[in-house]
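We just call them A, B, C, D and E in the order they show up, numbering each chain from 1.
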Amino acid sequence: MSDPNEHTDPNDTGDRPRDPTLRRPDGGRNVLKEGRDAELDRGPLQQWAANSIENPERVYRALFYVAAIFFLFTTLFPFYWLLMVALTPEGQLQDIVFTPNGFNPGAFIEVFEVIPFHIYMFNSFIIALASTAVVLVVASLAGYAFGRLEFPGRTPLMLLVLIISFFPPAAFFIPLNDLFNTSFFFLEPITGDGTLYNTPFALVTPLSAIFMPLAIFILTTFYSQIPDGLEDAARVEGTTRLGALLRVIIPLSAPGVATAGVLTFIAVYNEFFFSFLMTDGQPQNWAPILDGILAYQGQYEVLYHLMAAASIIGVIPVAILVVIAQEKIVSGLTAGALKE
Amino acid sequence: LGRGPGSNTVVMTADSGVEGIIHSEGDQPSVQQALWDAGLDEDIRIEIQTVVSDSASRMQTAQAALEAGRAPPDIHMMDSGWTVPFVLRNQTVNLTEELPGETLSYVNENYLDAILETARHPESSDLHGLPLFPDLGFTLYREDYLEDAGYDTSSWATDPPQWEEFANAVSDAREQAGLDYGYTTQAAAYEGLSCCTFNEVMTSWGGAYFGGVNNLFTAGDRPITVDEQPVIDAIRMMRSFIEGENQNTLDGYAQICPSPIIQWTEQQSLSPFDAGNAVANRNWSFAIAQTGAEEAFGENLGVTTCPIGVPEEEAEFDGTGGTAAALGGWNLVVSPFSDRKEEALQVLEAFASEEVMLTVFELGGYLPPNLDLVAEASPDDVGPVARYGDVVQAASDNAIPRPATDLWPEQSALVYQSVNSAYRGAKAPEAAMNDLAQELEQSESEVQTNGN
Amino acid sequence: MARVRLENITKRYGDETAVDDISLEVEDGEFVTFVGPSGCGKSTTMETVAGLTEPTEGRVYIGDDEVTGLAPKDRGVAMVFQNIALFPHMDVYENISFGLRLRKYDDEEVRRRVEEAADIVQLEGMLDRMPAEMSGGQQQRVGIARAIVRNPDVFLMDEPLANLDAKLRVHMRTELQRLHRELNATIIYVTHDQAEAMTMSNRIAVLNDGKLQQIAPPLECYNEPTNLFVAGFIGSPSMNFAEGTLVEGGLETNNFNIDLDPGRLSGVSVGDEVTLGVRPEDVHLRRYADSLADPTDPIDARSDVLEPMGDEVFVYLLLAEEAGRSMAEDPATASDQLLMSITPDTDVHEGQDLEVVLDRSKLHLFDAATGEALLHGLVERSGPESGEASKAG
Amino acid sequence: MARVRLENITKRYGDETAVDDISLEVEDGEFVTFVGPSGCGKSTTMETVAGLTEPTEGRVYIGDDEVTGLAPKDRGVAMVFQNIALFPHMDVYENISFGLRLRKYDDEEVRRRVEEAADIVQLEGMLDRMPAEMSGGQQQRVGIARAIVRNPDVFLMDEPLANLDAKLRVHMRTELQRLHRELNATIIYVTHDQAEAMTMSNRIAVLNDGKLQQIAPPLECYNEPTNLFVAGFIGSPSMNFAEGTLVEGGLETNNFNIDLDPGRLSGVSVGDEVTLGVRPEDVHLRRYADSLADPTDPIDARSDVLEPMGDEVFVYLLLAEEAGRSMAEDPATASDQLLMSITPDTDVHEGQDLEVVLDRSKLHLFDAATGEALLHGLVERSGPESGEASKAG
Amino acid sequence: MEGLSETAYAYLLLLPAFALLTLVAFYPMIRTFVMSLRADQTRGIDPLGGFIGIENYIDILTGNARLARQFLDIGLTSSFPFIEFGTPFFQQALFVTLAFAIISVVMETLIGFGQAYVLDQDFRGRRWVRVAIILPWAVPIVIQGMIFFLMFQPTVGFGSDLMQSIGVFSGTPLANSRDAFIIILVADIWKSAAFMALLILAGLQSVDRSLYDVARVAGASPWQRFKLITLPLVMPALLVAMLFRTMDAMRVFGLIESTAGCTTVPSLTCLVVEAMFGGTRIYATAAAVAFSTALVIGLIIGGYVVLFRDTEGGMY
């Protein structure tokens, strides 16, 4: 019979050999059995194996830590290496393994001196935020329709949504390039010359459309899993269908909504193709971070250390922000979202 | 959201390097000032739109704007390698019609012919772009190491050695000096291989893509000669450099190139040389400025053009053999969609003045399209390049442009893939070049069938 | 005005007919309870009233207006859900106040009404709990509070007290009745609890297999069920049934005969099969026959199983000698078995031979073929009205 | 061997004590029912047995082994959940067979057992439905089938019949009893239905506020409740209580007096407050006093509200003239009120003046301060044992 | 609006999405399709020649298109394996792309599941582990490419030497199609496993915990709980993740471009981009390649749909 304390100790990683006498808070009811164990003189490993068989939870816990550390190492090592590249002074980029070739933390400042990198970041941030907002709103409506309503043509329409994702973005380029450079009189008050080129709309529009199918599918999946009873209750209580979506379904799908938001935000933040072609690359013209990073690249030389530093600056704060925001979103949507 | 330049501002695309010299703080000399001094209307200001500096990306940006009929930019800075396709698509202003005759004749008479060719309409020979600066391929080497190894390089500058001699010298010098690398060059599968490094080697062996220099700019009805012996030999020599004694190599050529060159471009090949870890390097004029500075190798830097495979006389095709220097460089092209075409043309006109060219050279180290001016420039302002004026002159004499027709980008991809795979030994040189010849033939034939 | 009227409501899910052509009218301020076996369509019918399910056929009226197709929020109904359906992301206060906040009541008013409702369902002090932190009965009470806090015209309550203990049920019952009186609300109620149905309702609607069987005041359903189904369903434990044949002058079952004049029954004639029904409380030990106005002849029986309930004891009687089968397994079908309810003090024990009599004035007769009721109370044999009955302790 | 033993189980959620130091033992093969008000800790106690909740203090034994801390799957228990918790992604067959498939029974066996279980809960023909397509009662039956299909040593059933109608309940009750007999399984059962608790259990455990009040056979709980709480909780409708004071030779309440010798009561003395309890069925109309062995003196009363239940009628009596307040609102507390149950034929109507008597042999006396029972049945006044009682119809 | 029938209401809700898609997808798509039916025209203002029907498509499928690498170039032979590659495997965009998509999606799914499972546990510092695991997904493709490009640059990074010394790679892996393919695969897995992990995590988080109670009492081991409860319940989320990862992987371009280059590892999108922006104006061919790519992706997605149509709680 096993010791109940073993199960409740969250700090027990199961991988450190322990003094067997310490495991008997009851004063060693099984003295005899222990004596035999001692005679067998098992090594810590065997002891651990024996304990593990008795108590598989320990193995899961140990496996869990191994997995966590493995994942941490594999995801973080390239970043570490990127940091080493960033710290290596210009032109000494050779044989970097675990330490930089020289030490030049100035790169992190230089990044902003060479070009106004913060403006690119800001642009990207705004564009990503706007696109995410558009995507979440539009995809929520569509996801609700696909996930919770029965109507003719549901499956075909859903597949139609996907079609945009079948095409390499380059395929859209020529018509979209024309479109965004066409002057529309009704846009003149907003953009000056009536075209969308060089405005945030030139990015927000296509990027929203491109990342919308993913959000629609995520939200469809999550919305469809909310029991009908809850929506029914909300509607009887006096919400419209949309109200029920807003007050019950979205909050209950918080993990899905937040994930759709995070995926969209980051995807837009880092998008390559349209970011590159739909602005002229000028920070004042809403060029995104991608143009900023590429700006460290010359015809015959590439400022790798600056690109690396810029990437770290561009990515890490955003990732942290996004994760924290996501946690807030999830807890905010699920707890007291309706506190008015 | 309101944007757009003032009415007298001409927007020009440029990389950050050029941008840095257009305007200046206070009284410092600047290109803008030089332009005004050269007679540009004082109201007209240039505004630079920086673009990503890698050539392919810049082409995409230009293409995006011009396909959409968008201006500004009013002036596009175009690589000499891909100006012609835009010209052929009527996306440039015909300067022959628009510039004053005086300027035109100055340009036609004094500018480096090879670069002018890259800015002309292939059929009418009208000028559609004004070269801003040419660039030329050089072979950089360490005189000190070579001399230590017992080679006399004093005549190399204007009288490049034979490849064989060069290889032996480099090889010996590397051993002598205990360096990691001998000769570093660019052989990655990219435009730089087809336009330049391979073009140079091939030319030095008397080979050519399309049967000599006369057929460079007229696609369609021209011979395809990439499967001829000189081309094969050039590849085999490079394989000797890379692999040493091995299949498909040429006897008697030492192994001097590190094998990674097959994935190297300019920067990666320059790094070891710059770090003092290589004997020789093939690169552009900016590399001279970088490594010839006093803080760097100073006088120990030797510069020449491409070593010689076969003498000019023995070359199979016109204009090949002997030494060669691949031609790069950038042209200025006026957008036909510009609202400020007149102003833009004025700017171009001013750029064609000698003072401006010199200013550009002095401030940025960009070679003037009129290479005679190199000698006139004050060495103090220009830096190390001035020291090698004679080499620059020799290079310009032997400049070999790429066959930059509208088909060139397509053909270039075919060429660099084949050459790279032959370098790597993935294909035998003969097989690779035969396949390439077929592919090029098909590409060329499109011109006839489509009646372009 | 909150009359609720259903007109030929049918609801099909694929081939399955959940509700089958139900028409009924609930008067303004009336309390109608739906009862019926599990899966008979009670909840579905409620949902059509609430607007959560569109009927496949038929129309729903609330007040004077047809509401078929109208959104639930525009029907002025509140509903307690069978599966409770609390919003898991809101605490009790937010759950209860949900409907009020939607209607933008001011905070003061909301708090007042929520507290009042919480008081009624005895959840004071739990307003900031999350549903996951509550017991099943507590959750159900939140569901009730959420409905009553809104004071609507029509309440729909689907087994609102299912998870509550007897005492709380009695409390909630009186509270709901009070609400009913005070608000003069129309209430449609689903329950499987006989006591609830009997005590609270103005009328009971008995459903079976999607069809309405009877809608009548509780005692009418109990005393005059329209058919075998209602007779068997209403009343717990269930009515005893015995199959028999009409003969000249009476009714013959396997084990006993009853005097009666078949000529007085319409729709059946001598020789037809009928079913006799008698409730457990109308079966008496022979020794008390005298206190009955009109007892049947004594019937021989043997007590099989005794089930003491505290306030009464159920005695399972075997009429014919039947070996293996214990009646307790299936008390209500076979004619050879009879369930009797007696007071706890009576000294009957298991396996005892007894004589029992039935109260003729409480017998029911059904057409065996159609199940329709033929007669309630056989009074033709002897004159005297069944007078005051009494209970002895 | 599947004895279940709880040793000083306490479960706290934060400050809230859900279960408070409960110790009890359920014998192998015994059927114990937990009853108690909503939120008293029934489900939580079950969960500690199942291993879903680790008790804050105390130990759980199943058979001879301590299982505290053991994973639920290693405890050999099956459970019916109060919130049903069907797997939404599995159809009925898969839901029911879940546990069997885990144990790698062969397909034949699984199908046989699932069909048998489905039969018991009357879900034949619904095996390929998804949970979302079923009515509340049908879902609950799937939950029951899922548990019984596994034939474990210990069954834990948390209000398994809450959503079923009376008839099906009776059916399920007998089925569960049969299972209990056949499998000789240990069953711990939670219900709020008195009839279930009374008929099925070997013993009833009454919980209140996390504490065990009494654990005893059903009739003992009914007839000899250990304290006021149990007395009030068991039995529906609830026992009547009247506060009174012990005086020399008897007990005085507001409205009537009872003869009795306080000296025979331990722990209290003359002058102390006590509570008298009497069940509604032990209140009789004066005219039947003769049939009682030992009636009290007549008590004046006035009928207030009548609640006909079909087989009986509840009469709410007012003892003192009390104007506004109707008893129905709060029947069990005030001493001025009394609930009486009579047979339906008795001609009592609302607002009638009556005299009632109590059956002295059925009176209960509790210490008003502690609530502990002092005495059940006051027999000291007159000699004759209460003989056979009878019921008249 | 509440009065609308369910169908009308659904269409109303879909309106914004489809308006956006029409503007940004359907309209350009149709124009692109029309382009693909015309001839290339490298000169002149008009970028397109005359109408030539499906000739461009035929060229693409027979290896005769004006592309640096072929979309597909196989012939049939009479001897085993009956298929003959006109050019080597790694030079045919279709095969490279398919191989890439299949391997990367499978690997990412497995790793993503592992990561999500780790993140779903409760432990101290979970937030930071989550940041760590999400980080690669936040890296712009250029940088992702740069990291792996530099790592496997012989003089700069340690990757080539290391891999060469254990005999896996050649000395210049980025110039070798097979090696470069592996590098790109690893780079993609590194970045995109986080995408899978995030979606799967969301799926895990929304599983009703009381179902686990039921399963535990029923005797399910952790593995069985995973297989019978977790997996089927996150399946919808997982399918969405795989679906989109597959489509993404089939369109891989930026990563290749910024590491080994399209020459070494040609993907379908590489062909489109090179044709579109290669300088020689062959828009019609580019459009035809784009459509063919879409067709291939569409076929694969069709496969998914058929394969998973019956999944419980699935999307269709």
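Heads up, the rule we're going with is that a contact is a pair of C-beta atoms (placed from the backbone, for glycine too) under 8 Å apart; a residue touches a chain by one contact, two chains touch by 3 or more.
On a predicted model such as this, the values are computed, not experimentally measured, just so you know.
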B-E against A-C, pair bridged by the larger set of C-beta contacts: B-E
Chain at the geometric heart of the assembly (C-alpha centres): A
For chain A paired with chain C, centre-to-centre distance based on mean C-alpha positions, whole Å: 56
Between chain E and chain C, distance of the C-alpha-averaged centres to the nearest whole Å: 61
Centre distance in Å when chain A and chain E are each reduced to the mean of their C-alpha atoms: 18
Between chain A and chain B, centroid-to-centroid distance (C-alpha), Å: 44
Set of chain D residues in contact with two or more other chains: 71, 83, 88
Set of chain B residues in contact with two or more other chains: 60, 67, 271
Per-residue overlap in chain E, given as positions that touch at least 2 other chains: 2, 47, 155-156, 277, 313
Of all residues in chain E, those that touch chain B in their complex: 39-45, 47, 49, 64, 66, 68-69, 153-156, 160, 171-172, 174-176, 261, 263-264, 274, 277-282
Residue ranges of chain C touching chain D (in the complex, touch as defined): 13, 35-39, 42-44, 82-83, 133-138, 140-141, 158-159, 162-170, 174, 177-178, 192-195, 198-199, 218-219, 222-223, 232-238, 279-282, 284-285, 287-288, 291-292, 307-312, 328-332, 341-347, 359, 386, 388-393
Footprint of chain C on chain A - complex, ascending: 227, 229-230, 232-241, 243, 247-248, 251-252, 254, 333-340
Residue ranges of chain D in contact with chain E within the complex: 50-52, 71-73, 77-79, 81, 83, 85, 87-90, 98-99, 102-103, 146, 150, 156
Complex interface listing, chain A residues touching chain E: 56, 60, 64, 67-68, 71-72, 74-76, 78-79, 81-82, 85, 93-97, 134, 137-139, 141-142, 144-146, 149-152, 154-155, 157-176, 179, 205-206, 208-210, 212-214, 216-218, 220-222, 224-225, 240-242, 252-253, 255-256, 258-259, 262-263, 266, 269-270, 272-273, 289-290, 293-294, 304, 307-308, 311, 314-316, 318-320, 322-324, 327, 330
